[in-house]
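Listed next: structures, encoded as C-alpha cells.
In what follows, chain A forms one complex with chain B and a second complex with chain C.
This part shows the complex of A and B:
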C-alpha cells in the first residue's frame, strides 16, 4: 500500500490530472473573454475613429443620427458615422445611478433587519424569498411594468397640463425614468440584500458580543460594528448590482420610453416622467442595423462602452474591497 | 443507480430524436417577417396536412431584414417580408404572396371615427399634438405610439404615411406590434398602428382611414381601396427559379388556390390572387 504514495510506481500525473484539466479550462475561458473584448472593440472602432471624443458628447438628435447611419449602409451611399451618444449615456447614468442609490440604502436596511433583528422564523422565510427574487428573469419585471406600472403612472400621476407643456417634443405616457428606476431598483435590491446579509452574517460574533457587553445598545452595535466590518461585502454587492443595472436591456427597452431624449432636471417634477433610452436597450432597439456596416460599427461601439464601464466598475470594486479588508469580515 | 438512470435518460433522448431524423420528409427552411408569420404558419400547416404530406416547413420569425439576409447568405431557402425591396436586397426576388391592411387604432374611450392620411402624418410628425385638432370627444394631448426601426411594419408606415420622413421624437417606439396594441388599450389618449391580425379587441377602436374602414373585404388588389393596404412578400434567392420545385409549388398553391385563400383570410390576412371559386 505504501508504494502507491511514491510517484515512481503510480501513474505519473494521477495526482495532477484534475489540476491540469481545470487549469486548461480556466485558460480557455479567459482566452474566450479576451477574444470577445477584442472582437467588440475592433468591430466598434470605426465609430470611435470617426467621432473621436465627441462620441460621448451631446449634439443633434441621436435617433436621427442612428437613422442616417443605418440608411447610409442600406442604400450603399457613402457611409455616415456621426454619432453623439450623450442622451443615451445620460439616461444610463440617471437610471442606473438612481436605482443603485435607492437600492443600496433599502437593501442595507433590509439586510440588517434580516440578519440582526428579525426573529428566526421570519428570516428563515425572508432569505429564500430574497434569493428567489434575485433570480427572477428581467423580462418578467418588464412585463409587469408594462401591464401595471406604466399605465398607472400614465393615467394617474401625469396630469394633462404636464403633458401639454411638452407636447410635440416628447410624450409623457408612463414610459418614464420613474418606471425604469422603480423596476430596476426592485430588480437589483434582492441581489444586494443577499450579498449584504452574507457579509453581515460573517462578522465575528465576538466583536458584537464585546460591544454589547460594554453597554452599547443593539442598533449602535449593528451600525458601528456589524455594518462597518461588512463593508467589503457591501462594496461587492453594490458592484454586482451596478454591473447588472448597466447591462440590463430587455426590461429597460420595455419601460424606459425608447426615445433618445436627455431628461432635463431643470424641467421640475415632470423630469421623472420624461422618457429616455439607455445604452443597452439602444442595441436591442436597433438590432436590425447589424445588416448595415456603419450601423453595426455603431452598435458595437456602444457594446464596447458598456463592456469597458462594467470592467472599470468591477476593478474599482475589487480595489475598494482590498482597501477595506483591514476592517475585518469577508 | 445513477448510471442506470443516466442510461435510461440517454435512451429516451435517442428515442425522441429518431422519429424526427428517420422521416423522409423534405424540409424547407425559412425565416423573416414577424407580421407575415401567423398567416404563413397557417398556410404551412394546411399544406403539410392536406396537400403534400411529404414536406415540412421550418419558419423562424426573426424580422424581415434578417430574413432577407438569411436568403442572401443561404441560411434560409425563403423569407417572409412585409416591406418593398431596398437596394441592399440585391440578389433576391420578391414574390407578392398575400395582402394585409395596416389599421390605425385608438382607445375605445375615443369617439373619433375617421382620420385622414394627412392627419396621421401630422400626428406622427409632431405637428398635431391635441385631439381637439383632429376631432372626436377628447381635448387631451395625443400619445402617438409606433414601432421601432426593426421590422416591416415601421418601414411600411414610413413609406405610406410619413413620406419617408422620420417620426417625431414624441412618438413612443415600442419593440413589438403586441406592445403597440397593449399601449393603445391602456392609454385613452393613444393612437397606434398594427396589422389586421391584431384587431378585434373590445378595448380597441379601429379608425376609418380616408372614410374607408380597416376590414378584410375593403382590401383588394386593384384598385387599392383601403389606403394602407400592403403586400406581404415571399423572398427567394436569385431570380426565383433556382429554388427547389417543391417550394415553388407551395408558393404557387399559396398564391392561387381557393383553399389557401380561405386559410389566409382566417389567419388575419387578405388573399390577393387566390381563386374565389
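This part shows the complex of A and C:
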C-alpha cells in the first residue's frame, strides 16, 4: 500500500483532463444518436416527400408497389416511389398489440406470483426461468416457431374448409398472426415480468401491513395496494415491451408469413390464421435493395417510422420510471 | 427484509378466501408453471435435436455449397465469426460503457448534459437493431472509412466485421452502462471521502478504489452485453454481408484481411438455414441453434454467479 500513496497520476491524468476526456466521449455518443436520427430521416425523406400522408394510408398491393420501386431502381428508368404502407402498419399494430395485451395480463400475474404468493422454491425456479426466456436469441425463437409451431398451426388448427374459404385471396399455411403473436408474447413477457416485479418489491411494506391489519386478505391486499402503487412500473414495463415488440425483425420475418396483406378482424376468427408482414421484417427481407436509390429511400423511410415510434415509447417508459423513483417506489 | 421474513413465516392460507380470489391464485400458479414449461420445452427440445444432428465435424468444417445436408459442410466459419464479433464488440462497448457510467455518476456536470446522456442511453436501448444496422450501412459505406471494409474502385462495400462489431457494441452499451452505474451508486459517499482525504485525485479514486470494487457489476453487465451481441441477428444479416464463409480482402495483412471482409455468425447461419432462409437445412439449423443456445446459457449462468457472489461480498455499510 506504500507506493499507492505516491502521486502516480501526474498532470497526464489530472482531474480536469479526465473529466474532459470522459465528457468528450459522452458528447460523442449523444452526437451519434442525433446523427442517426437525422441520417435516417434524411435518407428516408424522398419516400415521404413523394407520398405525403398517403405513405401511411391504404391503397393498392404493397408488395406490387415495393416490386415496382425496386425494379425502377435497377432498370435506370424514372424512379418510382409510390408506397402505401398501411397493410404493414396494420400488421405491426395487430401483432404488437396482441402480444403486448397477452403479455401484460400474464406478466402481471406472474410478477405478483413471484413477489407475493410463490413458495420460496417456486420463485427460486421462476426467476432464472424468466431471465432465461428473456435472453434466448430471437432467431432461436424464430427457428422453433418455423419448425414446430407453424406446422402445428397449419396442419391441426386450420381446417380444410377454412383454407378453401379464403383460397382465392390468400393461402393459409400456418405462417400467421397467431404464430407471430404467440412467440412474440413469449419474448416480451419476461421483460415485463422483471420490471413489474422490481416495482412490486419496492412497495412500502407498511402500506401492505396496514391493509392486512384491517383484515383484508393477502390476495386483495396485493391487487388493491401493491399493484396499484406499482402502477408506474407497470406502465414503464409495458411501454418498453412495446418498443421491443415494434423493433423485432428477425423472428417476425420468419413467422409472420411475409405477405403484404392486412388481415381483417371483421372476417371473423379466421383472421388470426392469416399471414401478414410488419414493418421491421420488411426491411430485413428487402435488404438487397439498399443499393438502389428508390429502394434505399423506401427502406429508410420505414426505419424512420420504426425509430420514431420505438424512441418515443422508450422515452415514455423512462419518464414513467423517473416518476416511479420520485414517489419512492423504486 | 425484516417484513418479508415475517410475512413468509406467518403465511395466511388461501382456504379462507372467496372463490374469485382463489381462482386468481390458481391463474398465478398456472401461468408460473406455464413459463417454466415453456423454458423447459425450449431447452429440452433444442438439446434433443442438437444432440441428434450435431456432429463434431460440423464445428471444424466450413460451409460448402451443396444440395443435401451431407454435402454442405458445417458451420465453423459461423462459430469463429460469432467469437470474433463478440470479442470485438465487447472490446468497444466495455471501455465506452464504463467510461460513460463513471462520467454519469462521478462527474455529471453540466446537469443538463447528464440528463441528455441518460435519455440517450435509454433511447439507444430502445432503438430496433434493424435501424442501427441501416445506420451502420450509411456510416461504413462512406469513403472516409473505406479502410474498414472492402473497397473496389472507390466504391466502399461497407460490410465487414469492423462494421458489424461497431454497431453491435451499441447494442451492448446500455446494459454495461446500467450495470456499472448500479455498482458505482451502491458505493457509499464516505469511501470516496476517505480516498480524497489521503490526497487522491478524483481520477485516481475512480481508477484505484471505485472501479475495482464494482468489478462484479461491470462483469455482470459485460456478460449480459455479450449475450445480446451473440444473439443479435438483424445487424449481422445487414452489416456482415450475406455469405456463409469468410470473404477475406486480398492484399491486407493477416488479421485485417479477415476483419475487413464479410463473414457470418451462428445467428446468421440459423436464420439462413431455417426453412424460410436461403439454405433450408433444418437439421444444421438445429445443430447451430443448439450451440448458440449453449453459449447464451453459459453467459447467463456466469452473469448469475457473478451477480450472486457480488451480493454476498459487497456490503460497504456493514
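Operating definition for what follows: the second predicted complex is superposed on the first by the 293 of 330 C-alpha atoms of A that agree within 3 Å, B and C clash if a C-alpha of one lies under 4 Å from a C-alpha of the other, contacts with A are read in each partner's own complex, and residues count from 1 in each chain.
As a working rule, a contact is a pair of C-beta atoms (placed from the backbone, for glycine too) under 8 Å apart; a residue touches a chain by one contact, two chains touch by 3 or more.
Quick caveat: nothing in here was measured; it's all calculated off a predicted structure.
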{"item": "Simultaneous placement of chain C and chain B on chain A, clash or fit", "value": "clash"}
{"item": "First (chain B), second (chain C), both or neither touched by A:254", "value": "both"}
{"item": "Touching partner for A:311 - first (chain B), second (chain C), both, neither", "value": "second"}
{"item": "Contacts of A:140 with chain B and chain C, given as first, second, both or neither", "value": "second"}
{"item": "Which superposed partner A:61 touches (first chain B, second chain C, both, neither)", "value": "first"}
{"item": "Contacts of A:300 with chain B and chain C, given as first, second, both or neither", "value": "second"}
{"item": "Winner by number of chain A residues touched, once chain B and chain C are compared", "value": "C"}
{"item": "Chain B versus chain C as contact partner of A:163, first or second or both or neither", "value": "first"}
{"item": "First, second, both or neither for A:292, with chain B first and chain C second", "value": "first"}
{"item": "First, second, both or neither for A:122, with chain B first and chain C second", "value": "second"}
{"item": "Region of chain C that runs into chain B when the structures are aligned on their shared chain, from 63-71, 135-143 or 207-215", "value": "63-71"}
{"item": "Chain B and chain C footprints on chain A, overlapping residues", "value": "146-147, 253-254, 258, 284, 287-288"}
{"item": "Chain C contact footprint on chain A (complex, rising order)", "value": "4-5, 7-9, 13-15, 17-19, 22-23, 25-27, 29-30, 32-33, 36, 39-40, 43, 106, 109-110, 112-114, 117-118, 120, 122, 125-126, 128-133, 135-140, 142-144, 146-148, 186, 189, 205, 208-209, 217-220, 223, 240, 243-244, 246-250, 253-254, 258, 280, 283-284, 287-288, 290, 299-300, 303, 306-307, 310-311, 313-315, 317-318"}
{"item": "Footprint of chain B on chain A - complex, ascending", "value": "61, 63-64, 66-67, 70, 73-76, 146-147, 150-151, 154-155, 160, 163-164, 166-171, 173-175, 253-254, 257-261, 275, 284-289, 291-292"}
{"item": "Residues of chain C that touch chain A when the two form their complex", "value": "3-4, 8, 12, 14, 16-17, 21, 24-25, 27-29, 31-32, 34-36, 38-39, 42-43, 45-46, 96, 99-100, 102-104, 107, 113, 116-132, 134-135, 137-138, 170, 173, 198-199, 201-204, 206-208, 224, 227, 230-234, 237-238, 242, 267, 270-271, 274-276, 282, 285-286, 289, 292-293, 296-297, 299-300, 304"}
{"item": "Chain A-touching residues of chain B, taken from the complex the two chains share", "value": "63, 65-66, 69, 86-88, 126-127, 129-130, 140-145, 148-151, 166, 168-175, 179, 182-183, 186-190"}
